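Chain nomenclature is as follows: A, B, C, D, E and F, assigned in order of appearance, with residue numbering initiated at 1 for each chain independently.
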Amino acid sequence: MVLESEALISIFDNAVMLGDTVTESTRIFSHRPFKLDRLYKSLKVTRIDPGCDAQQMMRITLDVLDANRSWMLQADDCWLVHDISRGRSIAGADPTIQRSQATVMIFTQPLDLLSWARFYEVGCHAVTAMSRIIPPQSLDARIKNRSRMAYTLAEIEVKLVDPQAQGIILDVHGFVAENKGGNIFAITNGTLRTPRSTNCMEGVSRDTVLELAQQLAIPIAEADLLPYDLYTADELFFTSTPYCVMPATKFNGLPVGDGKIGPITRKLLAAWSELVGVDIAAQALNQLHRPTVDF
Amino acid sequence: MVLESEALISIFDNAVMLGDTVTESTRIFSHRPFKLDRLYKSLKVTRIDPGCDAQQMMRITLDVLDANRSWMLQADDCWLVHDISRGRSIAGADPTIQRSQATVMIFTQPLDLLSWARFYEVGCHAVTAMSRIIPPQSLDARIKNRSRMAYTLAEIEVKLVDPQAQGIILDVHGFVAENKGGNIFAITNGTLRTPRSTNCMEGVSRDTVLELAQQLAIPIAEADLLPYDLYTADELFFTSTPYCVMPATKFNGLPVGDGKIGPITRKLLAAWSELVGVDIAAQALNQLHRPTVDF
Amino acid sequence: MVLESEALISIFDNAVMLGDTVTESTRIFSHRPFKLDRLYKSLKVTRIDPGCDAQQMMRITLDVLDANRSWMLQADDCWLVHDISRGRSIAGADPTIQRSQATVMIFTQPLDLLSWARFYEVGCHAVTAMSRIIPPQSLDARIKNRSRMAYTLAEIEVKLVDPQAQGIILDVHGFVAENKGGNIFAITNGTLRTPRSTNCMEGVSRDTVLELAQQLAIPIAEADLLPYDLYTADELFFTSTPYCVMPATKFNGLPVGDGKIGPITRKLLAAWSELVGVDIAAQALNQLHRPTVDF
Amino acid sequence: MVLESEALISIFDNAVMLGDTVTESTRIFSHRPFKLDRLYKSLKVTRIDPGCDAQQMMRITLDVLDANRSWMLQADDCWLVHDISRGRSIAGADPTIQRSQATVMIFTQPLDLLSWARFYEVGCHAVTAMSRIIPPQSLDARIKNRSRMAYTLAEIEVKLVDPQAQGIILDVHGFVAENKGGNIFAITNGTLRTPRSTNCMEGVSRDTVLELAQQLAIPIAEADLLPYDLYTADELFFTSTPYCVMPATKFNGLPVGDGKIGPITRKLLAAWSELVGVDIAAQALNQLHRPTVDF
Amino acid sequence: MVLESEALISIFDNAVMLGDTVTESTRIFSHRPFKLDRLYKSLKVTRIDPGCDAQQMMRITLDVLDANRSWMLQADDCWLVHDISRGRSIAGADPTIQRSQATVMIFTQPLDLLSWARFYEVGCHAVTAMSRIIPPQSLDARIKNRSRMAYTLAEIEVKLVDPQAQGIILDVHGFVAENKGGNIFAITNGTLRTPRSTNCMEGVSRDTVLELAQQLAIPIAEADLLPYDLYTADELFFTSTPYCVMPATKFNGLPVGDGKIGPITRKLLAAWSELVGVDIAAQALNQLHRPTVDF
Amino acid sequence: MVLESEALISIFDNAVMLGDTVTESTRIFSHRPFKLDRLYKSLKVTRIDPGCDAQQMMRITLDVLDANRSWMLQADDCWLVHDISRGRSIAGADPTIQRSQATVMIFTQPLDLLSWARFYEVGCHAVTAMSRIIPPQSLDARIKNRSRMAYTLAEIEVKLVDPQAQGIILDVHGFVAENKGGNIFAITNGTLRTPRSTNCMEGVSRDTVLELAQQLAIPIAEADLLPYDLYTADELFFTSTPYCVMPATKFNGLPVGDGKIGPITRKLLAAWSELVGVDIAAQALNQLHRPTVDF
């Protein structure tokens, strides 16, 4: 257990040398348990041996959370991240063999929602990138990994249109795939639709929304969506671990529906807030309105 | 300038968090100059500001080389690597904006050729991966980057066939693209062919071979190659910065040509050795036959 | 009606000259009726005129079965195969026109399950091929045909990993398609999933499993499956006419689930055994343990 | 050595069961030698062991030619075909392993040019198929094989437009690939263009035309051709072993150029006739005008 | 409001210069209301400002209908079409900016069903085109637009097979997409299947059929259909605004089912006729049997 | 011959109803002859019968030019456009049959270069669209046609980044294809490269540049270009009929080379100016600096 400033790894670690790291990010609401299933799926598929099983990993993780409890403000939740690389890269050696112990990085961070907070009030501007998502026969997005340069470059393209824009990356057929770290939902005539999990990362937040929608009797469909579906949607939103649900009220410069955050989006956000016992939007907006703290 | 054991970066660096690092690797032969053009091309396309221009970078690099001169054995060459990330990742901030200084990592390493050395004598076994290369509309391989999980996973697939195999990754159309860190050449009826640079990284070693072939009046062609072309080739070899030219004498379990290293491959390796004033194969085999040193 | 050793056709038959043969294979359980619908669909789409309608074909087929009844051991079932080619190829003539009678080959064979029998106990090793399935816009896999060189070559690739491996061929997008003569099922969180029939042959065994699953109230889905889905599945199995259900306990070198044959696979195999009144696994294992007979 | 009527193989041969046969067809002009290189390339890539090396195969082949010399008319050339399958298919056994000797079929046939003869005078009608060629990542067309159902079905589609039409099959991107057994050439502004060998079978006749063109100083290019290029070509022709060069004067119902056989096509056919010492067109037309013989 | 002969636009209008027109066609049954939703969706996605909102457009449209009421025969319905272009194209100006008022063209026409009428009795011949539909990442077919040259050219290809044929255009993967102005339905084993709306225009008639099928308890599925599915279907029909439901009894030269119009097709046509209070087939056949009038 | 304000066509013309118009645009420099070859190629492929042959069309065209000679200012050149549609669309009739005379529209316009003029001094900003070009198996870009909605929509996307941006449309593989009405050239290390004509319209201006480059001994290559090639190019320019050569000095927000118009671009523009005896840039800039005239 080290301080943030002492959390260092070798520049010869495979995390740096090859982006050979799997990851999982969780938002820790007050008392909510979390799971490490997906992390262990990613570890299996990439054949990284983390050096301990899921139970031991859970114990270590809880220790990390305990150690960080002190600094967490009452009203704020935190962000819990696991990064596990294939360990030390050895010059000239086969990089696919894990010769050393895996590098296990676990950290919590206060949830900084500043960059998204105002979108809970006015919605964000969703913009499609020019580049296309990495197809699954090259790298399956469901392996949550840290080789994410393609996502960063796509997001940069999106910012050319609007520096505040949130990106939508299409797949090589032009279907809507995912955001750089989140999923996309469109509501048309009361039905909630989202891309199939074969061309997007299967986010935990995505699952939560699908479950909440089912509880609220909102019809749902995993579908092939095209930009046309987003242009003509009544409502649009992103999901991701930090912000949960982020309404989009503009798509490629045109208003989504009437240009305001829609009722089903609000309903889902309210249901989620209730589920976790935290007013998610209020918590974020609160950050916006209090004096900034530099972490 | 720090010792290898002190070459550490924060786990919050974008190098770790997003594989958001461009790189360039050079093999430093005795007196050979090297260039940083490609590194600056990668920096431009990824919009990473390294904090200094190419001239300054060259000066710093030469300092690093000087500092490491002492440990370099007479007979061995070294490996010079630049890794430049977008700097510190800040929780909740737009990762596409470089808020801090870039993280510039420059290091030299002794060239460990042990894993390849015996291939100079008997040739290696080239095997095609099941997965396909990331297509350029997702991430152009000519951006030399450290988001290389897809390459590692492809290489692991290849090792299922033969733990010593060297991988050949096809593109989404089934054309031969590249090796995890090198290029592929086939010789058929005296013509040297290699995949077009639109679906492979444009390696410096690849360029060197093309130039040497031109000097030796060996006809060359950038072409769409299929596994059929490799099965029926007379000779096959890989190129990469550490080993320069690595003959392959087996492809997917079948002998290439007569199963021995071919004359054109030998000619190119000899020409390269002459160019740099070092017997490249002998140097590697020398490592194989002397007592191992653990770095 | 001729003996096996006398079942000969001309080397100028379109079966040999063009692989221009449609086929249907049926496993004849004790008293089970069988259908010729699919055979007649294949005949229609390929425009081969078999020279008799489905009823007549059924009568001839029953005669063939009768003639072979004597040699069939009590405990063993048999394999019934129809092969119908476009008939004699005439030098220089348009091969798409059927100038002569179709060549109708009908035969039964004892079901030799030796190569699969032990997989009922320990499961097989499923391995993905490097090549991709023929896409339906080139040749629809639902036309059951004898132009199967692509399948043989893919299966050879798979054997490079493990000579006992059973192949999984992906489509050109990287989605799981089919085995060289069978279908693939994955079970994850209790749901049984199999590729859509648009990129695999629609096997009779596949249909049987889907029906049995429905009867057993196991949720089923035709889906786009990727290798990731197989790596992270709890259970995996193949279906094909000879072996019905063949568990796979290893995928590309990694254990499937806990590496043992799973409960839903067992349940489906039991249901099938009950349906046909034959303990399918026992019958196969019985072959394994009795003295080999060379047919 | 058997008579044609006795040239039979088992219906259990892999030739029949799996279309698992490689082939090579040669047109034997009066005194011309021929080569077996391509046949041995196909055997290598498919891993079929023919049981003898190329020299022995040549001796056997010459014996077959000798034995058939008697019936060959003075003026006619013959067709020499090799078909080599993986041998006997054994029920339940792994079809990818060659357990028995390969089945080697070698035969000569009189060249029946009746179906093409009149095209030497008026040109044929080239028509594109609706289906697309098998892509090389599924089965490389350069493996000359007998799994050709896709070609037969494409040719049937073409005959829907015109029962005399000669088919042009496009690849999955819409580029011109090949004819069911031949190659396609277009002449525009004096340049002779033909599809790259990565999406067509690399016919011997194709090579001959490229060599003749070079000798005649006709500019040549391997290129991606689209239907547009054929619609707007000045001349169009097919090449294949039996007919050598076959002019096409109509494409999808529109005249090619002025609708007559063009000068460069004539020049190439003349050069070929000179090369082999036979007036190729006259020989074919001769067949047309003499009393039909049924072989 | 002008006479047909006076309905002229400038040749400099973007309708002519760029095919930059969105459209909507409606068949006006006796008293049926119609909607302009789709038209406004197309306008939104293409960013054409029609100069009035949907309500105003409805009022103008009703005026057009009123003005044309006089000439409409009792028994005939009419065709109502909206064409809205981006207005005047100005030489040298950015064509994507709408500098002038949109050109709004609204007209009614008597429904001339002559070319389809006899198909209600005998069914039509459906034929697949050689070219492939424009993929949605190039232009989404759900934007109902007048840039339809690709459809015209595909239809011309189809007419090469049979001048009366109705075209079926496949997508770039070979899946059935749409007809030049209609949708395609196949019935197999009692289930009604039609391509997903992601690769076809989402016709109003298509929706009507899906709704009628639901009311009639006919199972429906949006699916990936291949030519194989049409070859082996029991029934096949097209839907489009003018003819509603058009049975196809032949597909690429082969009979569909028993070659007669099927019971489910008849049922759906009857239900539609009932819905609109007009015997749709009778009305068309009536046109066929009365003296032709040239409009 | 009518005045511009009287140049009207029926809204029932296929030009309006189906975008079924082929076109050719020529810039008429002082005394330069022009050709109608391409127009007649487009007419042939689309099977539109213009009602007169190329010679007659030329005569009519020269008459149109003569009639407009009076208004042409001394210093300005003009724009000559042919638009030929399949004629009148008849309700209910097969639109692929040309029942009436083709609609032949020929007009000249003063060359308004205002929107491009300043780019001769500072270069323009080239930006890639999100959508992809129509692939040639759907509609070959070399058919110069007026069904251009896809181009307009792509251009609108580009304007989201910068209202002055000039668009670059990629093909479905991500390769650089074309501009909405022009071609793209990149210069890297002295070599001039441009996309192959299989995925772009083969502009006359493109040909002119290739010819001028050859005369100037500038190495040229038709190649698969990716955005990476444009990001790292030394110079970049567009070609199109109105502006001839238009330098781009910014690509997706980054400077091209040093951000200034490059020497080879200038050389080519100078050579073109010399060829036609008009200082092309000066002529455009002259328009910029004189009082605007509204046409």
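The rule we apply is simple: a contact is a pair of C-beta atoms (placed from the backbone, for glycine too) under 8 Å apart; a residue touches a chain by one contact, two chains touch by 3 or more.
All of these numbers come straight from a predicted model, not from anything done at the bench.
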| item | value |
| --- | --- |
| Common touching chains of subunit E and subunit A | C, F |
| Set of chains adjacent to subunit A and to subunit C | B, E |
| Separation of subunit F from subunit C in steps, with touching chains one step apart | 2 |
| Same or different contact residues where subunit E meets its copy subunit C, judged by the half mark | different |
| Counterpart interface for A-E, drawn from A-C, D-E or A-B and sharing over half of its contact pairs | A-C |
| Where subunit B and subunit E are represented by their mean Cα positions, the distance between them in whole Å | 56 |
| Cα-centroid distance, subunit A relative to subunit F, in whole angstrom | 44 |
| Subunit E and subunit F: spacing of chain centres that average the CA atoms, whole Å | 33 |
| Set of subunit D residues in contact with two or more other chains | 47, 131-132, 135, 137-138, 143, 170, 172, 174, 227 |
| Every chain pair meeting the contact rule | A-B, A-C, A-E, A-F, B-C, B-D, B-F, C-D, C-E, D-E, D-F, E-F |
| Sites on subunit A touched by subunit C in the complex | 41, 44-45, 47, 135-138, 140, 142-143, 196, 198 |
| For the subunit E and subunit D complex, residues of the former touching the latter | 127-132, 157, 160-161, 170, 172, 174, 227, 252-253 |
| Residue numbers on subunit A that touch subunit B, as the complex places them | 4-5, 7-13, 15-21, 46-47, 79, 83, 86, 90-96, 105, 107, 109-116, 131-135, 137-139, 143, 145-153, 155-156, 159, 172, 180, 242, 295 |
| Residues of subunit C defined as touching subunit A within the complex | 170, 173-175, 223-224, 226-228, 231-232, 254 |
